[in-house]
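Common to both upcoming complexes is chain A, partnered first by chain B, then by chain C.
This part shows the complex of A and B:
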């Protein structure tokens, strides 16, 4: 039986590799597939059961070793580390509808013949960046899993145990595994040891991949929005020039309007721009061109003419004909609709993933506090030191990943106003100027992603987390 | 159990045609009457009742701080006493705010329509918000009521089982316990003050949060009104825009009035709750007596809930106020031909950007960000 490969559009098509890998490692995402869903559901459920089993084993180990403080701290850090993974797994499972809805927002977007080229260019930039991000994060996660496994085979595999009878701390042997965990079987040696080792390797790799790939999904969405905003900023200038007045320099003004009526692309305008900017004496050019009236042609109108809203001559003050005016209006409409579309996507992203970020931050805060305490006990390049530093860097890197993309979104959306101001708005028609006014007013408020309204995701957040961590470390070192 | 949960969480009730706005701020008619919104009774009785409640709570607060004058200064006792005092001060403030501004509140209620009809805004959205307010207030009610029962049940049990006279709250009051008569009298007085505290607290919070939710709904309606301007012809657009702008001004004034009425409440609540959280959290970590620990934990949870609710509703208010901006941007201005109309919209947009919210002395607007920084 031939199964038709469905054609995916929009965000789904862009993020298909990410979605496929997420489905392969067991996330509860059951759309965008051809074939039986039941098997996939079974696979995801089995993965969930295995992960929960391992997590519960870690917690049992934590509960069994509460007497000795350093063991308690280390086990708590491990438990919190894997809380992220479980939380993200269950969150995506429960919020799958939100994910599908966010993916579906960009299924149909508006187009305009003048700006299609710019649209395609920024879309491909976004696509390449998303692929690169996915590749880097997957590679890093795999490398960390390998590093962790390698580190296990160095140093002593022992733990500290508080002997209540003699009231002293003794050293007890434990199996040489990546995570200190209780098992219902004896994993000291033999076949069970290898089974435990393989299981832990699978667990570490898959759960880290799960957590990181859902973060990558979020970052890819934000990246897409940023590139769309870049596209909007990029077409602001051609839009202005589309409606430029005739009483400023326009060396090929006749060609400009000829090209519009021929319905051709905007490269002509852009080439003009580039040509003029290459000339070093920009001002000189203006005055030189101002002096010659030959370019202005028959549609010249004196600058002191009062603007006439009745449109008695059948054309607007800029001297644009009806057709050109309609073209300008359609371009403005495209710009505004696209901007609203981006705003809708950003709010959908915030609604879908905000709570996950909040839970992540809560867990990370506690984990980083404990890691700061552990860091004060480092006294040389040992396995312990490498472990603590590894955990620290990993936690900070996770927070840094989504903070940097959230920050980029804030910067891009507030720079739209500057782009609107820095294009030649004074050349544009009245309609274009009013458009610039409204856009400037609306874009003063930056688009932000918030963690369920409690905090905004930006580099400020990362700086405050880092600052708090360093403060705790300094205080604890002093107290030592 | 499932049926009850379904009833609480069933947000979709599409068979509704209208919702009465008074449901938002009325917990029950009994509480409504106690809070003296029953204008039929004479004003002197009202004033007397108010004075009685305030003075009673005041005396109770002062007594609880009387342990400062004890010979041995016990931080635990002082902490508990101060916690009671602060809680009662908070409740007293909000009650007084409502009492002294009854007329203003009634004026606000006049400007909000009495019922929400089906076509003005999605009726199930309003139903959702109504259920949210009810859910919050009901939970608060049950929480406080059950803690009162627990706290009073313990000494009663002690008395019945061991024949030991103990006041609730573990002797922070230096009252004599020898005389049976005095003991029962004072026990009854403490019990009645706590009940009064409960009634006043729940009623006042209901009014406060209910008012905020009602005004948020009005802002959302305004957002929808601006949205509906899409696709209208020029003349309709003009007249409807004027209606929208008038409504925007009215709502801004209402928000200002609300801020004026509840300004002292907000300040006092924030400061005292933060103080309470710090103090009780510290006590939790140093005290050894399990019952005192429980009491401290209860107070901590209670003050955190207070601040959280304040920030949560403040956030709702602020969000609804800033949704008007999106509504104006969405009103289809790009299809207009008249430039003058577009310029008017810029002014409207600029005005809408003065986002209204409950603020502490007009410095900070209360949102969930504040809650995060407090905790």
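This part shows the complex of A and C:
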């Protein structure tokens, strides 16, 4: 019996590859699938158990080696690194409803025939960027896993152990594995060694992918919002011109009702300044700037008694039919409703993922402090140095990923105001001018994603984290 | 009250004495404890005096103003929202009650509990003070000093706990009510809608919007009043929270024995919780004031003439300036600054630990 593939719309359809990969590596996302849920639930639970088992083994190893300071620091860093992954896994599992709700907000959006082309264009730009982001992050994570595994086979696989009896530090052999971890079996050599190796490889790859892909999901949402804001900015100028036709004479009104694409350079309100500059001295023709055709057009504001438009809408100087006037008003409604829709989506994203970002920042802060301490002990290109630098770059890259998208959202949402101001509002009607006023006022306050209200996600956050890390490192180096 | 001040003076004297031997590790410990205690006592005195005595009139004024707001409008959704708000607040009230009493009492009863612990473990444990005191004579074995001191310390903890609870709850209640009113205002505004065909509908909508703007003005006045009465207090609270957090965390980390560590860790949690309560409600109020701008934007202004749009514009212009509670203009009371206080306390704590270990 053929089960019909359900057609997904909106944000879900765009993010389907991301969701599929997340489901494949064991996240607790059980919607948007056809087929039996029970097997998937079983798979996710087994994955959770395995990951928790390995994490607990790492913690046991941490607890067993607290005497020697450098071992303690190294093990703590590893434990914190994998805390990220466990936290994200459990967070998505507990907050799956929030994820579904955020996806559901953009199930369908309003449309308008005049702006459909612009909508489609920006939508496809968003789609391609999201796919590219997903591909890059997955590729980088796999490469990191391979790099980590390769690095294990260089150098000595030993650890420092504080011998309490003799009160000195001795070097003890440990299994050549990626993560220093305790196992209930002896993994020094033989089949158990290969089992441990394979298990650790699976663990590293899958848990890093889990953490990074949920961050990619968040970044894709923010990317989508940014492209929607670009679309709104793009249709602002034609919308202004449309709105002006309602009660001010425009010579070329018919042209406005063609399907207006955002990239069209057609200036329906002619810009006489440019012609005058080309012709002669700018100073001489300043008076000409103030007599554009639109000004002349405005003087022809038709009083209803004198002008006769064949009995059609008498108060409209451009001879718009009732249908066209309705279309203009609905265009304005489209813009405002689309903007409100984007604001709703952004606040849903903040509610859903904000807490995860807060937990991420807390774990990262502690981890970066310890890494700064470890970095002061580097004395050459050794396995240790490469390991520390690798951890450092990875932690900073994770923070950078979501900070840069958060920052882009802030910038896009505040630039809508500039787009509104830069169109010819001064030639427009009172309605057009008040429209621009209200839009400018609303968009002065940028849309931000906040980590559960404790901080806002922007490049300032990244700069402060980086600055704190470097300061701490400098102080420690001085103290040595 | 006066006795508390005298007691505080006694502890100050101990600090002076400890400060003379600051570089000696043991006395650093006692000195830090005394610093923490000074902060706590100062805060307690200030709260008791400022909020309960001097601001009596102003608080009454605020409550009256809030009382006179538009009656609960008969709109079902709003009444439902009010119910939810009040229920959430009751939950907070219960949690706060528990936190205050649990931490104050465990701190005060620590010597007694320690003795029980000793009895169970059949160890001989010396009686110790609740607050470390360093006086020229042996303070522990002199029973005429030790026992009154213990009882007075317990009573002081209970009294200060009660004061903290009352003042925090008063502040939280007022802020919470203002938040609720602002949120309701935003909701009513965003529901203004009318049929374009109807001629008079727009006139009615304009009248309603003007009424709501008047209410917004009154709510802003109320926030300013609240700010006036609680601003100096919050500034001192922020500073003393910072001071106490780093010293008590230091005491927790370098104390002898697990027993003391528990005592101080619970104290740290309580100090952070107190300041968190202030920041949480202040933040909620700031968010609610910004939501009024969104509410005005969500009303159907695009259907309206410029006359209506200009009123919306004015409301948005004022509402976008967030109504903040500040600590004497030095520090805003919101969750970002709470995070800042925790971070700064953490760095001072690491520094103190470094000094102690060297």
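Quick notes
Simple rule for what comes next: the second predicted complex is superposed on the first by the 400 of 480 C-alpha atoms of A that agree within 3 Å, B and C clash if a C-alpha of one lies under 4 Å from a C-alpha of the other, contacts with A are read in each partner's own complex, and residues count from 1 in each chain.
Rule of thumb we're sticking to: contacts are C-beta pairs under 8 Å (C-beta built on N, C-alpha and C of every residue); 3 or more make two chains touch, one makes a residue touch a chain.
This one's a predicted model, so the numbers in the text were calculated from it and none came from an experiment.
Placing chain B and chain C on a common chain A by superposition gives a clash between them.
Residue contacts after overlaying the shared chain place A:453 against chain B and chain C alike.
By the touch criterion defined above, A:445 lies against chain B and chain C together after alignment on the C-alpha atoms of chain A. Common to the chain B and chain C contact sets on chain A are residues 329, 332-333, 336, 340, 343, 430-431, 434-435, 437-438, 441-442, 444-445, 452-455. Of all residues in chain B, only 315, 319, 322, 325-326, 329-330, 333-335, 338-340, 342-343, 345-346, 349-350, 353, 367-369, 371-372 touch chain A in the complex they form. The touching residues of chain C, when paired with chain A in their complex, are 283, 287, 290, 293-294, 297-298, 301-303, 305-306, 309-310, 312-313, 316-317, 320, 334-336, 338-339.
Residues of chain A that touch chain C in their complex: 329, 332-333, 336, 340, 343, 430-431, 433-435, 437-438, 441-442, 444-445, 452-455.
Those residues of chain A lying in contact with chain B across their complex are 309, 329, 332-333, 336-337, 340, 343, 430-431, 434-435, 437-438, 441-442, 444-445, 452-455.
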